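As structure tokens, here come the structures.
Look at the two complexes coming up: chain A is in both, with chain B in one and chain C in the other.
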Partner chain A sequence: MKKLTKLAIFLIFSCFVFLPLLVIVLLAVGKSWNYPQLLPQQINFGSYFKLLFTNHELLTSLTASISLALGTIVLTISIAYPTAIVLAYYQFRGKKLLNILVYLPLIIPGIALLTNVDFMMIKLGLDGSFLGVISIHTLFCLPYAIKLLVDNLALLHNRYEVVSRNLGASGWQTFFQITLPLSKNGLQGAVMMTYIVSMTQYLATLLVGDGKYLTLSVRMFPFTQAGKYKIAAVYGVTFMLVTLIPLYLIDAWMSHQERRVIKS
Partner chain B sequence: MTYYLNNISQKKGGQQILKKVNLSINDNSIFAILGPSGSGKTSLLNILARIDHPTAGTFTGDNEQKPKGIMVFQDYRLFPHMTVFQNIVFGLKIKKIKKAEIRQRAERIMMTMEITELAKRYPDELSGGQQQRVALARALILNPSLLLMDEPFSSLDEGLRMEMLDFVKKLQQQFKLTVIFVTHYKTEAYLLSNQVAILINGQIMQIDTPRKLEQTPANLAVAKFLGQANFIQGSFQQQQFVSSIYTGDSDFRGTEPVKEAILYIPFVGSVQLATTAFPAFNGEIVGTTWIGDSERVTIAVGSEIIYLNLPVDSVQINTKKQFYFKRLPVVY
Partner chain C sequence: MPTKRKIILLLSPFYLFFTLFFFSAVLKSFVTSLGYYPIVGLKKIGLQYYGSAFHSATFLASCERTFLFALFSTAMACLVGLGLAFLFNGRKNNFTRIFFKIAQLPVMLPHIFIVLALLQLISQTGLIPSLLVHLGIMASINHFPLLVNDPLQIGIILTYLWKEIPFVIVSLVLVLRQMDDRYKIVAVNLGATKWQNFWHISLPLIQPALINAFIINFAFNFGSYEVPYLLGNQQRELLPVYIYDLYVQGDLTQLPLTMSLNLILSLFSILFAGLLLKIGRFLPGGHTGGSK
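Showing the complex of A and B:
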């Protein structure tokens, strides 16, 4: 009975997650898929790769998405990491309030926040600039990154930093030799989450980017609206690949590092 | 170098953790601070390690204005991402000491601590005893003049605890260290140190030898913390203690005559069967329990029950005996 329930849950999960994915993949690689055929008449992976490497728009979108994501990672981590250290290690007045304020970008309705931030960006002359776009991406990534880092740091508290200082290390030596290596898991989670959130930003990129940053998600949206499902699916698959492959690589690298530690 | 703790107080979140702690600790000795959980022991040690600052008072030494103790933590706190070797040399590496010297000193200390074969292991691959040796090595490689140990043996099992107690004694002599260690186990404090300070509620209540502590605790709080004693309710009137089991002269430790006084009779070393000038009470032996080197004897004195540790087979059950105080009994 238990096995049956497990199987049913697995099938339902598959229907919700894998079936739509399968449809997108088939749309991207299939040819002449017309009603009432259940599957495409022809599968051609070559056409997908040909489109991927020859379509100029797709390649520029890919570059824009990745460069914005990387910029967002740098900005997010440089703000989130010190904030997380302060929130996890120090006691100060207003700490509870700061803990709530961190989640504000997720609590305030996106469109209200975006229009006002866009107004601010115009005033500051950052509208349409790389810094402007990664700043708005960072705003949405910060809550996730801070939460992941705080949870990781709070787990160890500052118990090892105290030892390091007692043994004579300076603040910076302690940070580089103790805090940073011990935050590896939290940083990995924060980088992964920031990458995903940045890649999926549509409205923020469009508004603050002033239409200059046509990322994968920005380009994908009009295609689906216009019924160009084939090209939208190609964008969709590419989007998934550039999101999943780096995540897999980071995860594999981290696991390799851990195995190396155990082995040695 | 003698170390001085002058009026050290600490307040955190409106709570007074340490209250005017005054101590002087001799060079090349082991000094124990004994107290119940939450008495401020670790806070005091953190101040001596310069991990924390006192809200008032100073910690000074004969030759040093700001001495700093190197701490061995209760949970050892070996850096989990470093090998045993890397942990041990951490303090030298950050001082940018030459590699050859680091290696030489590390090898020497690992040999002393008998952990040479563990050099390449990570902390999670070590037993509790091994972790403690590594933590000690990490501190001792820095040649500290003051070593601080926070509940050093509390996470070890009985056999290993005794082994490590001896080992620390040996290290203290070998390295000519001043060791300050805090514990809530009085046996550990007594075994390791001749000078024990009792810290209760952030205050030093008494500094004495283990023997004196047990025989004449400074006040009721110390007596109750040390435990292993009978506390007999009574009153103190006209220079005499009056209770249902004993009425007579006493070593009164109170400040003025009080209606309610307490007679302190520790299980060990206070009462005997051999006659002295201080008759105590006449009681019936109602039970005996073997506890190794002696017997825990249960004595009924009227409606009161008294427990004493007496030599094995010195009394028989259901017999009546007259007991004597070894010296004038202490009353609080």
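Showing the complex of A and C:
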């Protein structure tokens, strides 16, 4: 009986998650799906892929999304990694304050922070520039990236680093031979989370980007608002293709590697 | 290299970045909110904009509405997420592994995605009303309750639940998996019931992660613009829509007011997060639980 309830809850939850995904996919590949029909009259995957490879707007959105995400990853990791090493390994004055500071971009309401930073970006002349947009994305990615990296580094403490230094390794040697390999899992998590957060930003990209970076999530918005659900869904499915599939592949590859290490 | 210099060196990218894009932005809007905005000839410094913010009935009503809305939707997400995380957290079980993978999906997709699906599903000409009519449960789609752009903001709440229940699950399951099983075994050995086990062992250990998730979700629900804009009710406007409209309307003399509203909200959110953390310290597990 208890097993049955658990199964029922599992099924309800799966429906809750998958039903919207299914609707989006059907919208994107379905033809002439009008009220009150329950299912599209025709399903045509070919037309979706044709759009994906020939539609200029879709392709520019895709490249805008991915180049912004990659830029954000580089900027986020180069700030988050050193910060996380300090937070995980050292005790110093102001550590508590720094810990709070890191989370502030997530605590301050998005609309307040965005209008403030946009105002500043205009002043700095970064409004509508690539650097400006990846900076605002980075501001929202940093809390997640730092948290994931700190959790991972704190698990191991810096005992290995201390041993390595004791045995005469230089600071750089210790970093490349010990710290970097040990934080592989944390870095993977941070990169994946940064990718997701950057890809899903809407208002940040629109405001600071001055409408010049029409990413997939930015373009979905006006189509949804105008009731053009099919074309919005085409962008949605493209979004799924470039986030879910690569992330699951990386995840599967990493756990495969881990198993191989344990076996040998 | 001495440790102190190394720490300063390692922290410099972070502080440089935050000074450029965060502190300066807050400082700039603080100065502006005091009424100093020379571009449009505003130079009178004072608290007048804060005063007019606290006297504006629309702002205060919108604040209260948004606060209650955010509190309710966040509490729902955290409660359901907590329950599900406890039901499915085994590491060796294949079933729960699949559950965890499914829970990760909504975290990876943007809000606009679920908004689009909801519009197709539950608006009055959507799929669910059509299905109900088709099955004969409802006589016509006009009997279906208004669920998007409705006064109770049900559409927005559903969107947030879809995104946030999985977020809570993912953050809690990660902690639950690292938890030391020995505490539980000892407790059971000493005769603890299931409920005691939950209340005295598991909850204290995950409580900090739960509070964190609550704070992040609350701040989001309180201050995010796009979902209330698309699914909200125009008579009962939520705060983010109100502020965004004020910011983009182009009247530069209104900017100090917008900035003062922003700072009031920011300060309020920080204080509220602080309060939640304080409450967390008094709940079981607040002193040692989860700390490393």
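Just so it is clear, the second predicted complex is superposed on the first by the 259 of 264 C-alpha atoms of A that agree within 3 Å, B and C clash if a C-alpha of one lies under 4 Å from a C-alpha of the other, contacts with A are read in each partner's own complex, and residues count from 1 in each chain.
As a working rule, a contact is a pair of C-beta atoms (placed from the backbone, for glycine too) under 8 Å apart; a residue touches a chain by one contact, two chains touch by 3 or more.
Predicted, not measured: the structure shown is a model, and the values here were computed from it.
Chemist: Determine, for the superposed arrangement built on chain A, whether chain B and chain C clash or fit.
Modeler: They fit: once the shared chain is superposed, the two partners occupy separate space.
Chemist: Return first, second, both or neither, reflecting whether A:173 touches chain B, chain C, both chains, or no partner chain.
Modeler: Touch status of A:173: first partner only.
Chemist: Which holds for A:119: it touches chain B only (first), chain C only (second), both, or neither?
Modeler: After superposition on chain A, A:119 lies in contact with chain C alone.
Chemist: Quick one: is A:165 in contact with chain B, with chain C, with both, or with neither? Answer first, second, both or neither.
Modeler: first
Chemist: Can you report the vertex angle at chain A, computed from the C-alpha centres of the three chains with chain B and chain C as the arms, to the nearest 10 degrees?
Modeler: Value: 90 degrees, nearest 10.
Chemist: Does chain B (first) or chain C (second) touch A:181, or do both, or does neither?
Modeler: So A:181 only meets chain B here.
Chemist: Using the touch criterion from the header, give the chain among chain B and chain C with more contacted residues in chain A.
Modeler: Result: the larger residue contact count on chain A belongs to C.
Chemist: Pick one for A:43: touches chain B only (first), chain C only (second), both, or neither.
Modeler: The answer is neither, since A:43 touches no partner chain.
Chemist: If you take every C-alpha pair with one atom in chain B and one in chain C, what is the shortest distance in Å after superposing?
Modeler: Least C-alpha distance after superposition: 11 Å.
Chemist: Share the list of chain A residues that count as touching for chain B in one structure and for chain C in the other.
Modeler: In chain A, nothing is touched by chain B and also by chain C.
Chemist: Using the touch rule from the top, collect the residues of chain A that touch chain C in their complex.
Modeler: Contact set of chain A toward chain C: 6, 9-10, 13-14, 16-21, 23-24, 27, 35-38, 78-80, 82-83, 85-86, 90, 92, 98, 101, 103-113, 115-117, 119-121, 123-124, 135-136, 138-139, 142, 154, 171, 196, 199-200, 202-203, 217, 220-221, 224-225, 229, 232-233, 236, 239-240, 243-244, 247.
Chemist: Across the complex, what residues on chain A touch chain B?
Modeler: 159-160, 162-170, 173, 177-178, 181-182, 261-262, 264
Chemist: Residues of chain C touching chain A in their complex?
Modeler: 1, 3-4, 7, 9-11, 13-14, 17-18, 20-22, 24-26, 28-29, 32, 84, 87-88, 95, 99, 102-103, 105-121, 125, 127, 130-131, 133-134, 141, 162, 166, 215-216, 219-220, 222-226, 230, 239-240, 243-244, 247, 255, 258-259, 261-263, 265-266, 269-270, 273, 292
Chemist: Provide the residue numbers of chain B that touch chain A in the complex, in ascending order.
Modeler: Checking each residue of chain B against chain A gives 49-51, 68, 70-71, 73, 75, 77, 79-81, 83, 90-91, 94-95, 120, 122, 138-139, 142.
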